[in-house]
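Supplied in structure tokens, the structure appears directly below.
Chain lettering (A, B and C) follows the sequence in which the chains are written, and residue indices restart at 1 in each chain.
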Amino acid sequence: MADIVLRVSGVNKRFGGLQALSDVGIEITRGEIYGLIGPNGAGKTTFFNVITGLYSPDSGAFELDGKPYSPTEVHRVAQAGIARTFQNIRLFPDMTALENVMVGRHVRTHATALGAILRTRRTIEEERGIKARSLELLEYVGIRKYADFQARTLSYGDQRRLEIARALATEPKLLALDEPAAGMNATEKIALRGLLEAISRDRITILLIEHDVKLVMGLCDRVTVLDYGKMIAVGAPAEVQSNAAVIEAYLGGGHKAVATKAA
Amino acid sequence: MGSLLPRLSQSRSAVWIATALIGIVLILLPFAFGMLGNAWVRALAFACLYVMLALGLNIVVGFAGLLDLGYIAFYAVGAYMYALLASPHLTSTFPWIAQMFPNGLHNSIWLVIPLGAGLAALFGIVLGAPVLKLRGDYLAIVTLGFGEIIRIFLNNLNAPVNITNGPQGITLIDPISFGNVSLAKTQHFLGITFPSVHLYYYLFLVLTLITIVICVRLQDSRLGRAWMAIREDEIAAKAMGINVRNVKLLAFSLGATFGGVSGAMFSAFQGFVSPESFTLNESIIVLAMVVLGGLGHIPGVVLGAVLLAIFPEVLRHTVTPVQTFLFGHVVIDAEVLRMMLYGLAMVLIMLYRPKGLWPAPEHGVNPSSRAAPRGA
Amino acid sequence: MDTFIQQILNGLVLGSMYSLIALGYTMVYGILNLINFAHGDVLTVGALTALSTILLLQTLFPGLPGWFLICAGLLAAIPVCVVLSLVIERVAYRPLRNAPRLAPLITAIGVSIVIQTVAMLVWGRNYLTFPQLLPTSPIEFGGATVTVTKLLVIALSALVMIGLMLLVNRTKLGRAMRATAENPRVAGLMGVNPNFVIAATFAIGASLAALAGVMLAATYGVAHFYMGFLPGLKAFTAAVLGGIGNIPGAMLGGLLLGLIEALGAGYIGQLTGGVLGSHYQDVFAFLILVMVLIFRPSGLLGERVADRA
């Protein structure tokens, strides 16, 4: 029996007159890199927001690591073990890169206000540990030299890496990345792919929303394709790529002949 | 964050010498000012209380980014708590209390400080809990409302049961004393005469220094980072597992404790409290201190508090004689002028120097060779 | 103790004034997402300007009829308030349109303080008597008594609010205002000058505040430099109650708040068995504010807005 990290089923979400998600589900095996793709407006980010607790679904069952969880409070989802990045990068702009990652350590550490005020030995040691681990993570994603730079002064690509480092700091069971390659040039994308593969090798499961087809095909073990809030295909990238419904969703009807020829 | 310290600690002996020098200046200050008049030393003592208030509000507004316009309510809570526990009011109003405490109600400072802190923290939680999910503007108005509600209650809880003695306030409040040493009397130490106001100044100075240390330690801690994260991007903070609600509540109640303790000290110092001392104007003055000094930056906030606390004294000594000289009488009352200038200062600072007079120095380096990043 | 009808009438009088003031808050918030903290002080200046004008005319031309004096007072107050509020917008709010939310709120507080202190200097600290210019003989009305002044307040407010609704819904300016409130940039692309629309919004709000100020002073017979603070705060509560940014909401909220306050003040003694007296009536408004913001922040008529990630 496969080791399933995330099992979600039957998610429905309506916004007024729009059915954003209809009976969407996903099953991610530990160590996989799983892709969530689909045309703009298909509901990918909405689904992300639902499983991480930012939106409350109209229905759905959610299980992380075999334990059911209710995605009602965002911070509890993070505590349970899903860490995410955002489509529009949400760093803490005036804090340094190092401080950003140190905030990521918050959820796995325990120092209290009293400990801070009294400077207990436990607190001091924990602080040291937080700083050390955060520097390690910055090194891991390749931006160690910007540790003391304000987050908003980093280049776009480096900001994305920082967001990933911060998410990793929470020791997640599932790393959920929302369009991590958006806005990157080809070189940056190659580097990102290397990073994601390294993360996967370190046994962290990744769920990723991405538009760059080449990246998804090369990186993901399996994908789910969404269109208008419904799942239209699930499987390995190669199968999904030649799926007629998928081609139609991306390119519109009438392109079938051209697409199959290219594939 | 901790910006000043790393540079200084490069030379440890420099730090010790600077600290010692500052310490000596602070100790001698009341004697110097005392030559100008007792009012100046009182101003110094009040300056210490204001620094504590400003630092407390700084935790709420500067660290956590929550605009509290009713902060003075915590000051009031501390002040009235001490007043009730250390004055003849309760014993003279309620015979059953007089029976329980035949020698009158008096309380030692060692009990009063933690009690004031605790009570204020409790109020902080009670007032904060319902409103913390509110957005900036709304939070400001609601906290303003709370501040006013507390003042109205203090003003009116004299009937049917006289708890606060209404607008007349509570008088004959005990001064602070350490054992037999009462701060209300002149004391002699090592051949030097210390008038009462000097003694209070030293006590408040110690409390202020403790406050500063606590704030610095909180700032550079896991909690301090959580506050800053919430201030910068609440949703991202939640996504990183921070229980935003509880962390905000902590900011509110920790900030409140400083208000409560300084309120109790105020009560003892003045010997008298009335609702008049806890108006919206006072909340705004403390806010002005934090904003003018440098929101979120501890040295800035201290500077702002000291400047604005001493300023009325300066005004009184310059504006009044100048006007009398020029016009034969006072055209603009110093108090009125003070408030007007505070208001103007708030506007000007926001327009031209929004980070305050002494803002936190920029974190890290702005690498000029990098292309300006999109996003974030 | 007043009868029920009496309380209702009092509530309507109070509520009408709150509505007028609340409209100023709600319109500015709808367009700028800003609480114009200084709005209550504009009201103060309006009332005091009217008072000075009336006193001046009375000294220069004794024997002028009361209604003439009141109109003169109003005609003097409105332009002063409009200019004042335009200056405030230009100097304190416009430069900070893109600043973090804390900044304009702090400047607003600063402006409010400056206006209060200047008013204190010009008109003194004391409570000034606003003369009774309209006939004061009480009119019997189904068990309650009203004065001409109170009836005028209700009638005039209703007229003005109808006028405002017509302006907002039927005129070009009104369309422009609604468009700018929804999306300033797109409105700009359609040829609407946002600065002009914003200025017009402030001007209308200020006129309403001036009117409300004169009404307050005439109804209670008193004016002083701090008189706008509490009504301003309560009117803001009314605007939130009705749904901030929503014009009919402000009207509804104002009337409701006035009624609740009048009824509450009348009956609180009975309800609490004499423990709390009517001087707690100010607390009602605050409590309502807190309740609404916690349980239904979009107000009675407002839309629910969700958080977007």
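To be clear about the criterion, a contact is a pair of C-beta atoms (placed from the backbone, for glycine too) under 8 Å apart; a residue touches a chain by one contact, two chains touch by 3 or more.
Just so we're clear, the structure is a prediction, and the values are computed from it rather than from any experiment.
Undergrad: As a test of understanding: of all chains, whose mean C-alpha position lies farthest from that of subunit A?
TA: Result for max centroid distance from subunit A is chain C.
Undergrad: Which chain has the mean of its C-alpha atoms lying nearest to the mean of all protein C-alpha atoms shown?
TA: Most central by this criterion: B.
Undergrad: What whole-number Å value describes the gap between the mean CA coordinates of subunit A and subunit B?
TA: Centres of subunit A and subunit B (C-alpha means) sit 44 Å apart.
Undergrad: Where the centres are mean C-alpha positions, what is the separation of subunit B from subunit C, in Å?
TA: The computed centroid separation for subunit B versus subunit C comes out at 34 Å.
Undergrad: Need the CA-centroid distance for the pair subunit A / subunit C, whole Å please.
TA: 49
Undergrad: If you look at subunit A, which of its residues touch at least two other chains?
TA: Residues 54, 86.
Undergrad: Give me the residue numbers in subunit C that touch at least two other chains, ranges are fine.
TA: Residues 307, 309 of subunit C touch two or more partner chains.
Undergrad: Among all residues of subunit B, which ones touch two or more of the remaining chains?
TA: 235 - these are the residues of subunit B that touch more than one other chain.
Undergrad: Along subunit B, where are the residues that touch subunit A in the complex?
TA: So the residues of subunit B touching subunit A come out as 1, 214, 217-218, 220-226, 228-229, 232-233, 235-244, 250, 254, 362-367, 370-371, 373-376.
Undergrad: Can you tell me which positions in subunit A touch subunit B when the two form their complex?
TA: Residue list for subunit A touching subunit B: 52, 54, 74-75, 78-79, 83-84, 86, 88-96, 99, 102-107, 109, 111-113, 115-117, 119, 123, 126-127, 130, 146, 148-156, 158-159, 166-167, 170, 183.
Undergrad: Going by the contact rule set out above, which residues of subunit C touch subunit B in the complex?
TA: By the definition above, subunit C touches subunit B via 33-35, 91-92, 95-96, 99, 101-107, 109-114, 116-118, 120-121, 229, 233, 236, 240, 274-275, 277, 279-280, 282-283, 285-287, 289-290, 293-294, 297, 307, 309.
Undergrad: Show me the residue ranges of subunit B that touch subunit C in the complex, using the header's touch definition.
TA: Within the complex, subunit B contacts subunit C at residues 65, 67, 69, 130-131, 134, 136-138, 140-142, 144-146, 148-149, 152-153, 156, 159-160, 235, 280-281, 284, 287, 291, 295, 332, 336-337, 339-340, 342-347, 350-351, 354.
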